[in-house]
Every structure is written in C-alpha cells, then in structure tokens.
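The following block contains the structure, expressed as structure tokens.
Should a chain be cited, it is by its letter among A, B and C, assigned in written order, with residues numbered from 1 in that chain.
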C-alpha cells in the first residue's frame, strides 16, 4: 500500500522505499543543472522515462535507463507531499526497479547467480518490455489524434426527416409518469458516477474503519503501549486486520499515536501520545475511505 | 448533363475550390432546411444568377434530363427554398424504411435528453451535450421528429438554437403546464459542474 | 458511369420501382447514421451482393470515375456502414456555412488510454492502468461518457469490467472497422504474452 503523506518526509520506517531512494538518487545528481524537469507535465512514470530518454536522444536500452535513472529519482524527490498519492506510488514502483538495476550495475560482476539477481533480471526485462509497449501505444495515440481531428472536419448528412415521412414513423409509446420523468431528470443531471465494480460476490462483510478505530483507541489508551501484533490478536478476519491497520494510520495522521519499528518488517510498537483526544474525532476518521 | 459546357460556365464564377454546382451540392447535402437562392449564393460565394443557373443544371441532372441516370433523390424548391428530397417515386420505400427503423419507444438516451431539455429550457444543444457529457445531435433530431421538443429561438449573438418542450410532452405527462413538473431543483445547479474536465 | 450496363444489371434484381442504385440513393438520403450493407439490402429489397455492387457503382459515380462530374458529396463507409458525406474538398466551405463550435478535444492521457483499449480489447481498467502505469479511472469515465468506449462484460471470476471501443469511435476516426487501425509495433506481440498474469 502507499505510504501516508506524513510518513514520506520523516524518519519513521513506514516508507522504506522513499528512504532508500534518497541516498542513491542524490549521489551524483546535484549540481548538474543541465536538465530540468518541470513538475506536473508528466502523466505517469513511463511518460517521464520516455521523455528523459528522448531528451538524451537515446534508444530504450540498458544504457539509456542507467543514464536517466538519476534524473528520474531526482524528479521523484521533487514530488511534494501535495502530489497525488496514487501517482507518487506508481512512480515509486518504477523507481524501485530502476534503483535495483543501478545497484546491480555497481556490484562486481561474475558473482554467483542467486535468486535475487534472477528476479532482478526479470524485473529489468519486464520494465524494458513495458516501456516499449507504452512507447508503441503513445505513438498510436498520435495517429488517433490526427484521425479524430481530421474526421472532426468532415460533414455527414444528418438532416431531419421531411414532414410527410415523419408522419410514417410509428406512433410514440409513452409509459412514464411525471414522477418517473422527474426521476429520470435527476439521473441525467447527477454527476456521472464512476462505473462501480461490485465486490458483493466476494461475500466479505463490510468492516467499518471507524469502529475499528474506536477499538484501537480504547485499547491503546488503557495500555499506553502495545504492538500491532497484540492489537490484532485473536482477530481471524483479514478485513478486520486491514481495517484496524488503516485505523492506526488514520490515528497517526491525527497525531494521536506514534510508531516504533526497530527494523524493516520488525515488530511495530504503538504508543498513545494524544493529550487532547476527543471521541468526537472518531466521527470524521477515515473519511477518505468513504465511498 | 453536358459537363464541358457547364464546367466552363461555372469556373468563371467560382472563386476557388470546385465548380458552383459542386459547392452547391456540398452545402445542400448538409442543409437541414430549404435554402433560398440568396443564402445559397452567400454560402458558395457566387453571384445569384450563377447559382440560379447551377441549380437549374443540377435539377435537370438529377432528373436524368441530360443523359445521366435518374437519381433516387431530387432537388426541389419548396416554400422559397431549395432542398434535397427523396424522389417521390420512392416515398413508399422510404416510408417502409422509416416505419421499420424508428422505434416506437424512446431510448433511455432520448428520454434523459428530453428530461434535461424539459427542466432546463430554453436550452441549446451544446448546453444539453455538456450536461449529458455526450453528443446529443441525433437524439435531439429524434425528439424534434417526434414533436416532443421544438426550436424556440436562435440566440441573437451566437446563433445557437434554443430548444423547449411542446404541449405534446405535457399531454403525455398528464400535466397542464411546465409548472406541473415535479421539482428537482437541488441538483439542477450542480449539473453542469464537473463536466469541464470531461471535455478536456 | 456506364448507365446502360448498370441499369440492366440492376433491373434484374430490383423487384419493382426503380433500380437498386436509385433505391439506395433514396434511403441513404434520409439516413442519419451509417447504414450497413445488410440493413440497406433489407431497406431496398435486394440481395446483399447486388447492394454491394450498386454501392460500388455509386461511389465511383460520385467520384467522377465513370466519366460524369465529380459530385460535391461522396459516399463513405465509416463505422460499419455507408453514409453521405460532403466531399472533403468542400469541408471548409461547409464549415463556414454551418458555423458551430469546435468540439472539445481529448487530452493526451485520454488518447493514450483510448489507443490501449482499441488495441487490447476486451481489456479491464487495471490492465490499461498497468500498461500506462497510471490510474486511468477518470479518463475511462470520460471515454465512456463520450460513448467512445463501452462496457463489454464483467469477468465471471473477478467481476472486473472489460471495455471495448464503439462504432461511434470508428465513425469519429473515419474508419470502417478495427482493421482500419494502423498496425502497432510488432514488438508488442512478443511482449504481451508475459503480461497477462502480471496485469490481471
């Protein structure tokens, strides 16, 4: 899952990727000044990568990728917390792959082929393939633009029927009451909703983040300090564990609790820190997840 | 039609891009109402006499009077304007086609568009399109053909036609006036918002 | 057009009331959307091969290929059907005449998404997202609202909706079928295999 915005710029272990990205990306990039990326011009990491590659007039090769990796990482660092979280996390995935490749390039060659380097090779090939694929579609989109524009200027015959033929159209069948008609109007005026993918078939009961947050608050306030493992002890529904974790993140955003995690993937210890907590805050907690 | 003769005569008057007859054919093909000789002359950029002569040529041409085939359509002057019509001989064919084509029930898209026009009138086609976030041209034509909406007036500045609903719709809904429509006001003002991005 | 030859050929097939070409002209003159060869055959009451041949004759005829004048209009096959269009040469002339506002353009993101869907259909939103490496939800909504893509079916296992393109898109691209799309880089076919599991 994506790190919360608050986690991205402090020392908590919640955002390991961002932490790793910093030293590697900063290594030899600063002070170059030759290339500037203007924020917000890029629609996705592949777009940015292609732009960087084309700036250097390189074909998509290993060399091209290694040369643009630093600029890519630098761009990523400039993505402020106000940037779209989705976008940032998508960039992170590509950045992680690029970084792995860079690290592999720096390591002495000829070592044992272990599972990790095989995975790395696969990741690299995948990234290449996807870049090539993306470039192909980007080129195709140029054709779409040109065709749509050209066809826009064309004029098809589309004129109303003359009166005598109009009369021959089958008589209108009208079945709507005025109330149904009004309901239709409401439908037509309502902002178009995103097509919804039903999850009902998964038979997963809905879990309220707010309810879970209430449990977390109660437990933490009474104990002051406990591990996440303890917090979810005895819970056998994965949905509840997830909701409780989201509740923890939400409480962290509200500065009600703090984390301690001594090593990546290690024990997560939670501490209650809020002094002016009011249970009314629960009401708005997790509003981002409401749909 | 005697091509050599006509084309020579026309080329003199047509400023650029095709003969007057060709330009007339182009404009007439998309004209949705009869056009006077004067407005045709303006449209094709040729003097009225040349347009008059070119129309005569076309009428004869489509009628097969000049040796070519008789067309399935014809150019006729009705109410002081010229328009393409289906040749009368094929009226039954067209009637069968129209009868088989047009559904007796309005589509969901047509009903929603009608609802938008009913509550927003007077309203232009592009306003409806932006609320519905789709092109509504053909649906508006259907509603016009069904007599459920009508052209109210053209905007004096933009020339855009404003549409409204007819008494026929009121009858179908069983109400006496538009005041009889159930209120849906709260959503109305929001309708247009959020669609700017869609058109980006 | 060689009139004698065509008319003889057609008269054989047309049951009554004019030649197949004439009847086609009549029906096409009132059509407000592209008509497929099959629906044209039904409308004019002639077998499909005869209709196909008559259409060919008309296209050549209007193009002046048979010795007659080049018409100001033409017959085009677009989006799976035939329809009268103003000849391209006169589009500017006609545009001046009809006026109208420039339609909203699609953004680069929307165009790229459209390209992915066109070539990869049926395709789910998450598959598109993984090819473009961005969230495509709002773009897909735009394309749906414009009627350029449509929901084809939901995956029976995951429930994910599969999208495809519409005839309207073909019309707006001015092509007759998906075969009219330019061939995309051959690299894609090689790479695509490995993606399915990853993008699923």
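What we mean here is this: a residue touches a chain if its C-beta (ideal position, glycine included) is under 8 Å from a C-beta of that chain, and two chains touch if they have at least 3 such contacts.
Nothing here was measured: the structure is a model prediction, and the numbers come from that model.
The greatest centre-to-centre distance from subunit C, using averaged C-alpha positions, is reached by A.
Chain centroids computed from C-alpha atoms place C closest to the centre of all protein C-alpha atoms shown. Subunit C has its Cα centroid 36 Å from the Cα centroid of subunit A. Each chain gets one centre point, the mean of its Cα atoms, and the points for subunit B and subunit C are 22 Å apart. Mean C-alpha positions place subunit A and subunit B at a centre distance of 47 Å. Counting partner chains per residue, subunit B has residues 29-30, 85-86, 94, 98, 133, 138, 141, 198 touching two or more of them. The set of subunit A residues that touch two or more partner chains comprises 155-159, 161, 165, 192.
By the touch rule above, subunit B contacts subunit C in their complex via residues 1, 3, 6-7, 17-19, 21-30, 43-45, 61, 67-73, 84-87, 89-90, 92-94, 96-98, 100, 126, 133-135, 138, 141, 159, 197-200. By the touch criterion stated above, subunit C contacts subunit A in their complex at residues 28-33, 73, 78, 83-86, 88, 91-92, 94-95, 98, 103, 105-106, 108-109, 111-112, 114-116, 118-119, 130-135, 137-138, 140-141, 144-145, 151, 154, 159-161, 171-175, 181-182, 184-185, 187-188, 191-192, 194-195, 198. Residue ranges of subunit A in contact with subunit C, taken from their complex: 43-47, 86-87, 90, 93-94, 126, 129-130, 132-141, 143-145, 147-159, 161, 165, 192, 194-195, 197-199, 201. Interface residues of subunit A, counted against subunit B in their complex, comprise 155-162, 164-166, 168-179, 181-182, 184-192.
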